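Shared between the two complexes below is chain A, which has chain B as its partner in the first and chain C in the second.
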Partner chain A sequence: MRSIVSLIGLVAVVSGCGAPNAEFRRYTTFAHKVAESAGLEKGFTRDQLQGVDEVMLAMFGSPDEPAFPAIEGIEAGKILNVSHLKLAAGPMGSDEHGNPRGLYREHCAHCHGITGDGVGPTAAFLNPYPRDYRKGQFKFKSTPVGQKPTHADLKKIVLEGVPGTAMPSFKLLPDLEVEALVEYVKYLAIRGEVERGLLDLSTNLEDKARLISVLPTNADDQAKSAQQEQVAAVKDVVKTVAEKWDGAAANITPIPQRQNLTGAELAASIKHGRELFYGSIANCVKCHGDSALGDGQTTDYDEWAKEFINDGKNRDVVRRYVSLGLLPPRTIRPRNLRQGIYRGGLRPIDLYWRIMNGIEGTPMPALAANVRKPEDPPEAKKLNAEEIWDLVNYVQSLPYEPINNANDAYREAHEAMPERPL
Partner chain B sequence: MGRFWSLLFLLVPILGVGTFVWAMAGWWPMHGHWLPENINAHGGVIDSLFMFILVLTGVIFIATTLAMFWFMWRYDGGANRDPVAFTHGSHTLEVVWSILPAATLVFIAIYQMNAWADHKMRRPKLPSGEMKPPLAEVMGRQFEWRIRYAGEDGIVGTSDDVQLVNDLHLPLNEEIVLAIKSADVLHSFFLPNLRVKQDVVPGMKQYVWFQPTKEGVYDIVCAELCGWGHYKMRGRVTIESREKFNTWLSQRAIEQNQAGYTPEPVESE
Partner chain C sequence: MTTIGRTSALLSCMAVAAASGTGCARHLPPPERAIKTNVVALRKALGSAAEATSAAAANAPVAEPTGWATIKGSFKLNGTPPQRAPLAVTKDHEVCAPGGKPVLSEDLVVDSSGGIKDVVIYLAGPGKFPVGNPKWEHSDYAAAATGSSDYDQKNCVFLTHMFGMRSKQKARILNSDTVGHNTNIQGGGKTAPFNATIPAGASATYDPIGESAEPFGVSCSIHPWMSARMIVRDSPYFAVTKADGTFEIANVPAGVPLEFRVWQEKSKFIQDVTLRGKQEKWKSGRFKITLTPNEPATMDVVVDVAAFGK
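Moving on, here comes the complex of A and B:
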């Protein structure tokens, strides 16, 4: 008995002390998807995957030593502050000057994962699941769908948290540390999206080929120029991703000032907003439900799951991706608008942006396409920008509006059918 | 050898008392380990109750450990040649050592009743005699404190509430009433400097009240293990003058009601 205990103790001492070096995890789900859609029967070969890993390591470094590739024509400093990455990277602790190190692993990695893949150790227990940054998509931002969030958008989420989810506020951290975390999230997002691009690129490779060939010392000019082309193709992928982040701040959707309404005017605006809510153009009722309780449409998934499992009906596909590291997909619920909990912020401008731009990666559509532009013909069935404010006013009134008022309901029914006695 | 063990036991009262004295004096390295500064006008009662019970238990602690030391010293097997004596026990002694602690506990229970009532039952009233409404509602949530100020209408839960997270501001020298709730699990709303600690129970709305007497920035912590992130469930309470507080709160209300956005011109190169 005693020998067993000491043996266990010995094993614990030998194996437990000194955690292995942290490594970025391979994007297995996406690799499977692109290989399948490219018709590669056995998926990527080991060489092809190692080729991607090598290029990723060379460009972006490791979780302990992050790097950012130099891109022609783009000032790296405009996308992210590389020197800040040091504070967030590496194991938790501080350097010889007392500056913090490893902030990402201290505050974020247990949910969002070392790789930013949203599958940290605690992720499976949370609902909704933590964000997977690697898709490069973020929900709560001031820019339209397809555009990157601004630095300020990401910082607001870190500072304020996301009410209604497990994301807490990090308001009490010093500003420098919050900045470092935001930069690191951008770094992981760019890194992940580049990995997707490189996997896409790898589908054209021969079985034994690598993304960038390893040349013998006596390689001829033809081989060298072929390698140059490979390098250029990789750089192209990085540039495409980086450019989108570079221009984020220029794409913020401007918001016309809301008129300061009170009393009867406000009531009229709310009433009109209500009509729009149930109307055919905005059609909020379709998903948010007849009573705005978020119970209209409840069987859809978000893009992070949908890109792999489509409508989730094929259980084999779901099972395959879950075995590859996707968390068991859950349907996405439209927001219950009567709780007064707004994940992306409760300022009127936050609600305006959500309605106007939609929520990226979710079934919430952008109303922007149905908002009148100067060139539209007057008979087009479109909303005015002002009417978005009516919708916002209605949404803001919902948490404080009694969900059923027998008198109002009776009066409405009477208006619809006046022959009934009141 | 026996003398060694008895001397070792003597170290228990010496080190035990020494640690407390050292911490109270604030000597290195125990600086800041004694009670944090009390900034609640009603906090003195809590502190004196604490000190009273500390002294009471301290005296008993010293007496017990010294008695144990004396027995070990006096009846050490190596030095003691007395024959073993058997006693059937003492009825009187047993009655005494049962009644004394019982009486002490009953005394403490009665002695603190007023303090308990002041802090947990006698909520401050308005001049009209009504219960003073809470200035704000604090909602514990894994792992943050969500704060909701009543706004201009003085009622929490209406559309003019000012909502914040982890950043509580309170006016100086006023009776503050806060409503405390939980969104998920058990938490405990703890303001060490204000001598306020209240378990936060899901489904219950509880009130705490106190009167801050000193400006400054202090901690809000969670004092009930509430999950893996319990240790980082911290907030900040800022005590400031009424004027500063009003300015701060109206500024937050303006930020919260921002209803227009003109992008700053992006510098063209």
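Moving on, here comes the complex of A and C:
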């Protein structure tokens, strides 16, 4: 019996079986998009794409051997702890000291994909789909739309998971391993966004040209100087992306102190929050719906789909991108606030950040511009910072608010027990 | 056959299968798309460029403009313009479609003389625009270089359907409706995305931060039929055609070869044009022009309706 099993193994080894080396996948959807909008009738040429692939490999290495380019003006290791990448990269296993290897492939790649493109083998079966990091956008963070998440924001998602989705919590992993995964996600996000930039840049190239020419050893000075210009353009793309990550922590939206409320005060706060929910400034009702069931506006898409398919009405366009690897787009639903499941976390500060900053890449807008600043004239129609807490309090009370005839139910409950919150 | 015998027969079959089938079929040749020696050479080129680029920048002969000239012109349609499709207004009818008036798509608006509205023409080369360099940026543009312009919406329509601004300018986003909107600016390239609620009569400030290589979308998630386009450029040299299809870009650097790009929402980059009776191909919407100082250039462009066919 045992000999037969070893025979299977032996045959397998001798005949050269085994998985092929992992490789990063090309950003085909984005390549198609930029080539089409630049009017390249036959899309990118083989040379142009190969040029991008090779520059990407030269700068960022491969899934087994990741690298990170030096960036002028940004201290090495400031945005990315490169030594941590080693723990997350490569095939799963451990080194001679027992340190883990391949954590990303062990824990993440089956959903998020080797490339971080959000199309791992299980992705198509999940709803919502796993995040595609390559756009460099993340939803649940402490910074406004347009700014990168902080290291702590990403770490929170890895630790806590995303409730209501397939993303689990990784709290049971040692801190070092969580850190390594966060670094690796940043690496994939920066890598992906750079690839976008390089594809954009490549639309300017002649058919046979490459992003950076590969020069023969006897190249003349003119060719060398032309190559240096190409290198400078590529470095500019990398720097633009890296600088945004570098600046993330400086852009955290401050959270004002939340008052300690008595039962009656909290009830009043919830009541006012409810008025704001239906009011014309916060206007939550338009999308979250009259009963906050998330049924107000259900035909929109998120930016990960929208950047390719727009409003999704042109079925040919949708089909084309699906054939290029985009998962069949689904409309995005506003959160059903009566379930008490908050994807970005259920701490009051999480809800505060969601309301103030909106949710990047989704239709959820930021309210920050409508919050009063000291320089605003008193007649300006704005909310005070405490009123955001009223909204948070109301949102937190929604799962407990009776849905039928909510107005009456609210009043009755409050009249019966004015000192108790709902 | 005993149980053991049967199992071994089964396992032998599996051994053969393992050898001939599954695992081994996955042996892949190295990808043709990346050549190892190229990657090594590129790594070297990228690594050594830090000191080399500054040297190259110092030596590079940079042509400098010798004066200014104005570009004027128009975009006209050849053929019958397609009907503008009515948009599906699904809520807030009394504000968004007062009196049941249909709201028409603005992806291609042509006036009775054939003038194409909302074609954007913008400077795209040579190289990165040297913001603030008085040889390249005419002093007339200095005053507004960091100013703010208004971006309004009324009756659930973005009043400027194709909006151009400079990257150091700000846009004051207004809402002249009696219902709330949210303005969702897609961004792209170095341009920041933005998405804020704009209550009735209120405003918010948008800082685009950096430029975008091509126009991107602006939408309202509350009223999903609302749609517009925006472009952000470092340089002041861009224009959007008016309702009659005309445009003008004043005080453009002259005496140096320039590259402009031309884009319209429905056609995207305009490639096939007739200029002064001659057919031209603008690859990826690019045309090159070298202006003579103080001599206005006229660009009267005719675009066939087929360019908007998609």
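What to note about this one:
The rule is short, and it goes like this: the second predicted complex is superposed on the first by the 389 of 422 C-alpha atoms of A that agree within 3 Å, B and C clash if a C-alpha of one lies under 4 Å from a C-alpha of the other, contacts with A are read in each partner's own complex, and residues count from 1 in each chain.
Keep this in mind: a residue touches a chain if its C-beta (ideal position, glycine included) is under 8 Å from a C-beta of that chain, and two chains touch if they have at least 3 such contacts.
These numbers come from a predicted model, not from an experiment.
Applying the stated contact rule after C-alpha superposition, one finds that A:397 touches chain B and leaves chain C untouched. When the two complexes are overlaid on their common chain A, residue A:163 makes contact with chain B while staying clear of chain C. In the superposed pair of complexes, A:292 makes contact with neither chain B nor chain C.
By the touch criterion defined above, A:250 reaches chain B but does not reach chain C. Of the two partners chain B and chain C, it is C that touches the larger number of chain A residues.
Taken in their complex, chain A has these residues touching chain C: 1, 4-5, 7-8, 11-12, 15-20, 23, 26, 36-40, 46, 49-50, 53-55, 57-59, 69-70, 72, 137, 145-146, 197, 200, 203-204, 212, 214-215, 225, 227-229, 231-232, 234-235, 240, 280-283, 286-287, 297, 299-300, 303, 306-307, 310-311, 358, 360-361, 363-370, 380-382. For chain C in complex with chain A, the touching residues are 4, 7-8, 11-12, 14-16, 18-19, 22-24, 26-28, 31, 33-35, 38-43, 45-47, 49-50, 52-53, 55-57, 59-60, 91, 179-180, 182-184, 186-187, 189-190, 192-205, 209-210, 213-214, 217, 221-222, 224, 227, 268-269, 271, 283-285. Put simply, chain B touches chain A in their complex at residues 141-144, 146, 158-159, 163, 165-167, 228-229, 232, 234-236, 255-263, 266. Those residues of chain A that touch chain B in the shared complex are 107, 110, 122, 142, 160-161, 163, 166, 168-169, 171-172, 249-250, 252-258, 346-349, 352, 389, 396-397, 399-400.
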